[in-house]
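Letters A, B, C, D and E mark the chains as written, and numbering starts fresh at 1 in each.
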Amino acid sequence: MVKVIKNSFKIRKRGRKQSQSSGLPPGTMYFFEENSSKLVNVTHTIYDENNVEIIKTHKTPKIELESAKRPIHWVNVDGLTQKEILSDLGKTFKLHRLLLEDVLNTEHRPKIDFYENHLFFTLKALHFNTETYELDTEQVSFVLGSNFILSFQDRSENAFEKIYERFETGRLKSKHADYLMYSLLDFIVDSYFYVVENIEEAIDDLETDLLAGVEANYLTRIQSIRKVLMLLRKTVFPLRESIITLQKTESMLIAADTQKYFQDLLDHVIHVSESIDYQQNTNTSLKELYISMQGNKMNKTIHLLTLVSTVFIPLTFIVGVYGMNFNNMPELESENGYLIVWTVMILLAILLLLLFKRRKWL
Amino acid sequence: MVKVIKNSFKIRKRGRKQSQSSGLPPGTMYFFEENSSKLVNVTHTIYDENNVEIIKTHKTPKIELESAKRPIHWVNVDGLTQKEILSDLGKTFKLHRLLLEDVLNTEHRPKIDFYENHLFFTLKALHFNTETYELDTEQVSFVLGSNFILSFQDRSENAFEKIYERFETGRLKSKHADYLMYSLLDFIVDSYFYVVENIEEAIDDLETDLLAGVEANYLTRIQSIRKVLMLLRKTVFPLRESIITLQKTESMLIAADTQKYFQDLLDHVIHVSESIDYQQNTNTSLKELYISMQGNKMNKTIHLLTLVSTVFIPLTFIVGVYGMNFNNMPELESENGYLIVWTVMILLAILLLLLFKRRKWL
Amino acid sequence: MVKVIKNSFKIRKRGRKQSQSSGLPPGTMYFFEENSSKLVNVTHTIYDENNVEIIKTHKTPKIELESAKRPIHWVNVDGLTQKEILSDLGKTFKLHRLLLEDVLNTEHRPKIDFYENHLFFTLKALHFNTETYELDTEQVSFVLGSNFILSFQDRSENAFEKIYERFETGRLKSKHADYLMYSLLDFIVDSYFYVVENIEEAIDDLETDLLAGVEANYLTRIQSIRKVLMLLRKTVFPLRESIITLQKTESMLIAADTQKYFQDLLDHVIHVSESIDYQQNTNTSLKELYISMQGNKMNKTIHLLTLVSTVFIPLTFIVGVYGMNFNNMPELESENGYLIVWTVMILLAILLLLLFKRRKWL
Amino acid sequence: MVKVIKNSFKIRKRGRKQSQSSGLPPGTMYFFEENSSKLVNVTHTIYDENNVEIIKTHKTPKIELESAKRPIHWVNVDGLTQKEILSDLGKTFKLHRLLLEDVLNTEHRPKIDFYENHLFFTLKALHFNTETYELDTEQVSFVLGSNFILSFQDRSENAFEKIYERFETGRLKSKHADYLMYSLLDFIVDSYFYVVENIEEAIDDLETDLLAGVEANYLTRIQSIRKVLMLLRKTVFPLRESIITLQKTESMLIAADTQKYFQDLLDHVIHVSESIDYQQNTNTSLKELYISMQGNKMNKTIHLLTLVSTVFIPLTFIVGVYGMNFNNMPELESENGYLIVWTVMILLAILLLLLFKRRKWL
Amino acid sequence: MVKVIKNSFKIRKRGRKQSQSSGLPPGTMYFFEENSSKLVNVTHTIYDENNVEIIKTHKTPKIELESAKRPIHWVNVDGLTQKEILSDLGKTFKLHRLLLEDVLNTEHRPKIDFYENHLFFTLKALHFNTETYELDTEQVSFVLGSNFILSFQDRSENAFEKIYERFETGRLKSKHADYLMYSLLDFIVDSYFYVVENIEEAIDDLETDLLAGVEANYLTRIQSIRKVLMLLRKTVFPLRESIITLQKTESMLIAADTQKYFQDLLDHVIHVSESIDYQQNTNTSLKELYISMQGNKMNKTIHLLTLVSTVFIPLTFIVGVYGMNFNNMPELESENGYLIVWTVMILLAILLLLLFKRRKWL
């Protein structure tokens, strides 16, 4: 029999292990899944105030970086399987070997690193499937220079489609590369709210079921919520630190008026992290409530057992006595023996029940 | 049967979700409930040392901001449904688009933001209904400039009526805009005490009932108190940070002598937050007390069951033996068999009871 | 039947609520108990190196403050019921309206506030009754100027009698106002040790009873200790912060050589607060010990029940079989049937007991 | 019957209370046990690079302090019962009255205080008796000047014998007073390791017994370990702070090259405090393991009870039915009635057992 | 019977105690295992940009330190049993006596110490045996000078074999001594991931078994995981502090471009420590889940017992009544008595079951 558990979250596992690359010299590019024949989607966007050009390819785009602030180049790489593309980008944008190693490490915790002419930012995007209640995390890394952005995604779907649309209508074109990075980060953080609200709903459902006494797989649900919240915590809390570091460092790469936006981003991340705390507390309180309710139920069950036993065990003893086959039992021959025994038993039962009543046992 | 649970708190839900606006470009004004035909109450107060003018309208007031410190303009907007009013105010007071986005986000955590010529402060007002024990939170936002204050409330009731009265009698007129903002914040924080004290009473009742052994829905009450305290915590603790930030920043907008008042406000907020901590601890201690008492009760129940069973089960076995129908049972024919069995049984019972007594079981 | 519970602490409640004054304009003097006819004890002490004059009155003393450092004026007010006295003192010593509001708020958390020419210090005195085990808190406030001290007490008993005695013998006369404030604070903090040690004793008694298996109302005692410790914590921890703030601020009002004494005071407060932590841990550990012991006891009870039941239930079944009235039961007619059944039953019982023994059940 | 509990720690109590001296004016020397006839052991050591002179006496030594750095005077006082000795030392070395008060307070928490020409350091020495498993704490105080050290011990045994030996062989002679104080502190801290390792062993024993199922007084042992660790924590953690304060203050009394040694001392104290944390966690984990194991045991007991009852109660009912004495019971007369009943009962028992098996109950 | 417990971690114990060296004068070299006849493996590597020379010996290598930055000397000592080697190295590299004491203390917590011309770094290497699930810790210490590195290992196996290989191919030769130390530290930290991932797998297995209801020794497994995680925590968290200290100190020994690598190392250590936190939480959650499931199971068992008892105990009483041998029992003689009793009993049973059903007991 398949048991469908309401709102029970699942976490997708990749089976990738950081230790696979351990023992290698530092700065070695380790591919979890190197496959030079698998197509990698590369989107190269070149824009300034007036023009936007979007080139879709499967190879490293040819880029001539100018010293001028414009045009801005955005290279988005969907899929981390081809060594050549990464090396080429590394050479074009003069990336540190440790940076390239970090891009490939899709099990990395969110962090920010500052290099001479660029900065590196890595975080987790969350993909939540409302059908299967499966949560998937994806490593997304950014390299921000004064006039370029590189973005790397582990999965090959183009998650940034909506951002490309904004080039048409929004202020994106007129802003610098730092604003584009903010927009991309904001886009990812926005998706966290979605997950958090789904958890909130699951917790609400859980509480409603619990208080209504609906028979449901509480423990499994509580445990699944707990696990998802722990994963979210691991995803969001280091991100918070990273953004704070970004603000404090006063890098030349982030313009003063973009700082305002990063402050807003930080507000969102703090909001998410407080929601996670709040829901962890709620989940814990529901777990404790459930356990207390179980305790209550057991109390009542044992209470009933004790009541029934305490009343009937002595009575059964009495009827046992007069079931004995001794020759010489005067009560048995007595005319009213049977009646007297019944009277005694009924009185005894009433007595016990009164006793229980007085002790608030009934 | 309807079960009325004493002092069980309820929290009003709005069903608004931050994720509804996710994916939108930053700085987009998202209305949870846009409705241009729904009347919005706008109160425009213009005052200086001598005069106070209060204009009630449903449209954006026409304001000509002068560079002078006086008169001071206070625009209070009750209801967040009309885009036009917000855009107009935004233009008049040169508000940042992120600020306007934050005003509309009624699920925002308390925070403070500094802009070039004004600051933004948002917090939660609490409305507690002593009849229904329902707690409702309302987002209230302020924009403070050197000679103006904007206040935005989600609900359309005029909660600041008492403040308008103070213009008649108090020192409000003679003070600057920063003192008005302090008065409004103080007014909101004062209402927190009311909620906290109601919770305190509910906890006291709970303890009294618990120690008196009154049968009451303890778990539900404890859980409801726990939830309200968690909500309060979420409301009050970020507010504390915000006021500290306000004090530390030494903004030109807050005069030196008003700082004293903000210090007092901070004291109140710290008092509330310490009360919340205290009550969370008390509530936890009551939960644990309740569980321990349940454990004790179960112990006693099982104890009784064991006593009765341990005494009567062997006796019932004995009478069972002499209820057997074997032809050859010499005891049955003996003259004193019946008497002897009774004697044996009574001795056995006494023996067991003595044994229990000695082991402090009785 | 009256149940006397050993060492069970009680906390005296005043029923005063901060919310009673909420909604009032800031700086309003709110009296929890205004009563102009109730006598207020005012003690006015004027002293310098050589002379001490103590004047007891029920009205505001007439004070001409000189700019010189000496003589020093100490005005002690016992009872907070007369508005006039406070307003007069406010005028004489030029006190801020927020300060006067704070003096009257007897539910205030310990804090320190710095004003231009004076500082405000408020804390809780503890009065513990060893007969009734009742703990009462009293708000005590100080205003310290360069050549004056005001002290305000909620209750009308003169708690500082011992300090007046020290003027006769001690160094008090030769020191400045800051040393007097230190002496008063030290006097109050000393009384904390007394409460803490009474709790320590109660916890020791509890542990002794628990390990000796004395039947006592453990849960109520643990809960009462827990509550008292929580109250103490609320009293002592903000005081600690306040003294640290006092030390850090390097106010002109505290002379360099008096700092040494405030450091000593801080040591005492830290000692008390560590004792509170320690005793909270001990109390928790006793609660957990008690619960574990209850669990053990239940285990043993159920164990006995199971042993008796498991041995006798099968035997009772057997004797039940041969109590049946079938015509055709060959065993019944057999000569040795009865003997054989007894043998079988005894063997079965021995077998079960051996089995229990082997599984370490007996 | 005397129950010997394996490795159960005891803590020696002195029954001294800080409150005994409360209410006294600050700086009053309060003796917990003043007794001018009780001999106090005073050891006066005078040393420089070449010579060491050790004078044992029972009175205050006559000391002429020179302004030169050498020779160094070390006065060790074993026993705190004679007022005269303390006053004399106070005069000779110009000690602050608060310092003398602190020396006498043998219930003081570890702390460091800086005076103009000397510093005061107080901590707890631990004496552990491996026979009785009794732990005793002793207050040890130091006063360090540029060319003198005073050490005060509560108990009259000479604990520093080994240090005197080092004057013969070691580098002690060639170093300054600060190095001597380091050596004394190091000597005391080294004794902490001994206690910590005894606790570690007791915890290891506990775990071994627990996993082996040896019947032992687990709760008492866990509780005794818990108490000792809490005491250790109280002893070691403030000491850590004190040493850090000593390092940070950059007092002239500690030479630069001695700092290296104090750093080493701090490392040891941190090591001890981390061990305490670690063992507290381990002890907690064992307590939880024990409780879980008890829960498991109860589960199994109840399981057995339920199995036996569920199988035999229905069978006993059946045999009860055919033990009834109705005249008209056709089954009783039937030839195979008895056989059929047995068959039915056996089938029922098998059925129930199969059912249990399928539900993984057996 | 040998019970093999799945994935149950063991920790290898050395039985070395810090207290063994207590009481010794500071700076004394204490050997846990002094044995001058036991061969110690010493590897002396001399390298510059062009050449690498590796000399394996069992004695102290002769080294003439030049003031030039090159060549770099790396002396690796496997085994800490010969006093002579350590004293010789101490003289050659002018090491402080406290440093030599620390090298020998194989129970040291990870730390960093700065000396005038070199720094000292000690940490734990982890050796995990996947066959026996045994975890072994090894103390590894480093001394880094401007042109030399000393490394000391407790166990005599050459763990750094892979580092020697890198001299052939990698950039090691062209870098300075600080980069070599980074490489060695990185090599050790990489091995932590391996342990952490094995724990992760063990936790995953545990959860799978728990949710599938597989009968397994949960408590022992949870406890073993808990212990290993506590050990890891003790190993990794002080290391984190040490690396942060190294970064902050801006020692001349670490070149600016090597800082980048130490930052990367710190990232790895933070990653490990966050994983430890995460897994401790998961392990706790599984423990709680297990206990709740046990509670559920007990609930169900007692429920069954109560159901069976509550139905059959009254019925057994009834049949007991008609098993009595009174002469005058009219029901017994009645024609339909037997039938009526059966009807009554069946109706009673149905009634009880319906009652249970209605109360959601069935």
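Note that a contact is a pair of C-beta atoms (placed from the backbone, for glycine too) under 8 Å apart; a residue touches a chain by one contact, two chains touch by 3 or more.
All values reported here derive from a predicted model rather than from experimental measurement.
S.K.: Would you mind pulling out the distance in Å between where the CA atoms of chain A average out and where those of chain E do?
M.R.: Chain A and chain E have C-alpha centres separated by 26 Å.
S.K.: Between chain C and chain E, what distance separates the C-alpha centroids? Give it in angstrom.
M.R.: Each chain's C-alpha centroid was found; their separation is 42 Å.
S.K.: For chain D, which residues are shared contacts with two or more other chains?
M.R.: 295, 298, 302, 305, 309, 313, 316, 320, 323-325, 329
S.K.: Classify the chain contact graph as line, ring, star, complete or other.
M.R.: Its topology is that of a ring.
S.K.: Counting contacts the way the document defines them, list the chains around the ring, chain C then chain D and the rest.
M.R.: C, D, E, A, B
S.K.: Tell me, which parts of chain B touch chain A in their complex?
M.R.: Those in contact with chain A are residues 17-19, 22-23, 25-26, 96, 98, 102, 108-109, 111, 113, 213, 215, 219-220, 223, 226-227, 230, 234, 238, 287, 290-291, 294-295, 297-298, 301-302, 304-305, 308-309, 312-313, 315-316, 319-320, 322-325, 329, 331-333, 335-338, 341.
S.K.: Going by the contact rule at the top, pick out the chain C residues touching chain D in the complex.
M.R.: 162, 166, 170-171, 182-183, 186-187, 190-191, 193-194, 197, 211, 260-261, 263-264, 267, 270-271, 274, 278, 281-282, 285, 288-289, 292-293, 295-296, 298-299, 302-303, 305-306, 309-310, 313-314, 316-317, 320-321, 323-329, 360
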